[in-house]
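As written, the chain order gives the labels A, B and C, with residue 1 at the start of each chain.
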Amino acid sequence: MKSTAGHHFEDFSIGQRFAHATPRTLGQGDATLYLALYGSRFALHSSDAFARQLKLPGRPLDDLLVFHTVFGKTVPDISLNAVANLGYASGQFRGLVYPGTTVHAVSEVIGLKENSNRRTGVVYVRTEARDEVGRTLLSFIRWVMVRKRDPHSEPGEVWVPDLPESIAAHALHVPEEIDFRAFDSSLSGSRFFWEDYEPEEKIDHIDGMTVEESDHMLATRLYQNTARVHFNQHAQNQESHGRRLIYGGHAISIARALSFNGLGNALLLAGINAGRHVNPLFAGDTVFAWSHIVDKAELPGRSDCGALRLRLMATRNLSCGGFPDKDAAGRYPDDLILDFDYWAILPRHP
Amino acid sequence: MKSTAGHHFEDFSIGQRFAHATPRTLGQGDATLYLALYGSRFALHSSDAFARQLKLPGRPLDDLLVFHTVFGKTVPDISLNAVANLGYASGQFRGLVYPGTTVHAVSEVIGLKENSNRRTGVVYVRTEARDEVGRTLLSFIRWVMVRKRDPHSEPGEVWVPDLPESIAAHALHVPEEIDFRAFDSSLSGSRFFWEDYEPEEKIDHIDGMTVEESDHMLATRLYQNTARVHFNQHAQNQESHGRRLIYGGHAISIARALSFNGLGNALLLAGINAGRHVNPLFAGDTVFAWSHIVDKAELPGRSDCGALRLRLMATRNLSCGGFPDKDAAGRYPDDLILDFDYWAILPRHP
Amino acid sequence: MKSTAGHHFEDFSIGQRFAHATPRTLGQGDATLYLALYGSRFALHSSDAFARQLKLPGRPLDDLLVFHTVFGKTVPDISLNAVANLGYASGQFRGLVYPGTTVHAVSEVIGLKENSNRRTGVVYVRTEARDEVGRTLLSFIRWVMVRKRDPHSEPGEVWVPDLPESIAAHALHVPEEIDFRAFDSSLSGSRFFWEDYEPEEKIDHIDGMTVEESDHMLATRLYQNTARVHFNQHAQNQESHGRRLIYGGHAISIARALSFNGLGNALLLAGINAGRHVNPLFAGDTVFAWSHIVDKAELPGRSDCGALRLRLMATRNLSCGGFPDKDAAGRYPDDLILDFDYWAILPRHP
């Protein structure tokens, strides 16, 4: 058999490594399509002239475009048979990525745990992306629930990795080449700098974006993510919800684009502390978002920018004026779809 | 509150100026996506080799792609709470725009008039687009109906600007660098030159294009136009029509692409005399178009090209063989969606 | 009348030649959109670094992107009034095409045959594509069923060209500049080389892709293919199926992208032996595919690669585990939509 139906839980072992296939050169065309898919308005990714004012050679690619591309590479080896993408941790963006960069990805299995129902198990992998000369672009841990080939197969090794609750601010990578001192907040579209945000602040991003089947499939194919739940309605008709599931990363990018309204100067992603897709998103749903300022931190050696730790929360068909969140027992309401905890870098007041 | 729900009618004053946020570099990827969204076939925008035959360095960007991008920049400041985009006037394209250009936009409020219902008012703005070195790319006037924050607020200043009925032909900008003498009408797809069109002529563009939700949202996000009526089905469910409204500029671009069939050599837009979206367009509708030759004019100092003044009329779900138009009282039939009066530049017979 | 409703069967004559309009420069943006439309993962078209390892200057454009673009050019002259696109033969890809190339197309009518119902006829054309300096990029024969203007018009000349059943392997063009000796099968995503495939082998490509109206129209407009059956729902409402028909080439590209799973190293298309769209595809259908290895051949002067002759079969809403095919009488089941017989070039074991 020369084609593959993907790995099952039994196929993974601790320490197993994958050099993922299909290296991908990301170009300006990818950046354009990404922009059109989400309507993102962060000035750094929209304007070469704006990027040059910050001493960059031109617009870098959106951090999430790079993230999704790397994620997509891992799917054929890791999550083709995933039931659910459970979470992210320890994500670190290691440098700005420019058009023309070729992205390679490698992953290592760092945890395994069969579920008590015996039909699925959780696989933890650490993924690292490198460019064509071997420079690390980003790394992250994710864990997914993967079907077992056979519910009766013997449980194998069990190892649940100890994951940090967050990335320490001093461990964040801030691109050396960027200089925010000439930052123009009228062009950026937000007059709020790093100093203007305080922990515990909540921001309703107000706007809503309705998702169509065609949109999320176009995006997910752009990332060369082949997980079948996103594409194959004929197969999904057999599932209880009967729908194509939207790639979780699509929801992250929609929420991030919406967050421009209130966080227009949160230009760079520096780290992913944690992330969970807490409910599924389907075509026809309208996504709303709000942000919770969790923490703020100075950045070593930088007086021109600072870091904000943010929880980006997204809902379906529910405005976020009431800041919907998990309850005291940690249960998420049905309308919440995303709880994404990340570090962003913002310019400081000049 | 760090996010914004947009300006209301009370927030505007005559002479108020906006330097709009999010400068945007337009590249070849934008041109490609624009082409795929509309299926445009004008040879000048399709082929670098064709453009070089006309002494240009390569394909310029489609004039309407630039127009929509500039329009999109103005939305967060001007029309986020617009009920309707009422009209355009005095549009002037000041030069060819090439991939790599960064577009900035500024606007000035030139008119204000509260409506008699006290719930809305009309805002007139003059918008100018400049590239990264300050060269003017285009300018136009538009007026929109904007909600008042409070129906009981006192009416403010009233000023309705005197708008020219059309741009005089001698005031049109013709790009100096283009030379139509080597124009190849077999490659362009039309054997009709400027001389072949006469005032009062009507052309049915025959073909129809059905619009999908995904198409118009992808286009409108490409233009970074954030007006919520286009994107948020959850909110639109509260409106009487219950639908997302399609950005009017999307209809203009569809009609313009359809107009290739009959006006294949109308390569450049030089001016927008007037434009009205006379009925809304919804997903699932099929757009048809016809053109009315209003006037023709020689261009000062140019023997290789001339100008045609055209009304581009678009309908929904109605073929244009009968040239549907407003009646004697100026009322538009329900099937008509667009009445767009512009100047195009066409090559003259060699 | 300056617009055209297209040619009818009576308008064609043997030996008639068309220099098709609207030359088209294909760029990296087109390659990106093509990738996003189909999710193709062939490494050669995805990574500049991978292409350079094979001694190329960078990623060439996908062969089918070029094919569809050329096909699109021919539509206004040949098949605007086509009822059905009946078949392809004698397709030859003559060289790798790189971003920046401008595609021109010319066609010659090589056969004509009125159908016995007197309402339609079959037109055979040979199309050749050239770049901006006249180098041949590809050529192919296709035949389409075209409406007559008048069922009572007199039958004209009848000539059915003698079409070869297939292209001889020794006549295939293999790009001289590509060198597969440094081919990395871990990056390509498949460990199967030319030697690993044998005639009569069948490969189920497993995955399915659901098609949306917006997807196929975006693709077909990208190719500037204006055939109205793909776009005009208002007109299609008058047809018995009442649906927009999906451009057959869209199905070929979906099936080709799915075939990566099992044929990941079938990087280049060298020839099209035959091709038939045996049933229509509509939005909402899910496409599956399987491949039949028909033949294999060494390539003159090349020890680094070989050719496989493949039938790429696509279905709608039917998994291909049972390898559905025509029956002994040559009748295709209703679920089969495509029988596409082509030559692919694969690397040999190093």
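Note that a residue touches a chain if its C-beta (ideal position, glycine included) is under 8 Å from a C-beta of that chain, and two chains touch if they have at least 3 such contacts.
Fair warning: this is a prediction, and the values are worked out from it, not measured in the lab.
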Between copies subunit A and subunit B, are the contact residues mostly the same numbers or mostly different, with half as the line?
different
Field rot_deg for pair subunit A/subunit C, CA superposition, rounded to the nearest 5 degrees, holds 120
In whole angstrom, how far does the Cα centroid of subunit A sit from the Cα centroid of subunit B?
36
Among the residues of subunit A, pick out those that touch two or more other chains and give their numbers.
27-30, 32-33, 212-214, 218
In their shared complex, subunit B is touched by residues of subunit C numbered 2-5, 19, 21-25, 27-30, 32-33, 76, 100, 102, 104, 132, 212-214, 217-222, 224-226, 228, 231-235, 244
Sort out for me which residues of subunit C touch subunit A in the complex.
27-33, 35-39, 41-43, 46-50, 59, 186-190, 192, 196-197, 203-210, 212-215, 218, 261-264, 284, 286, 288, 317, 319
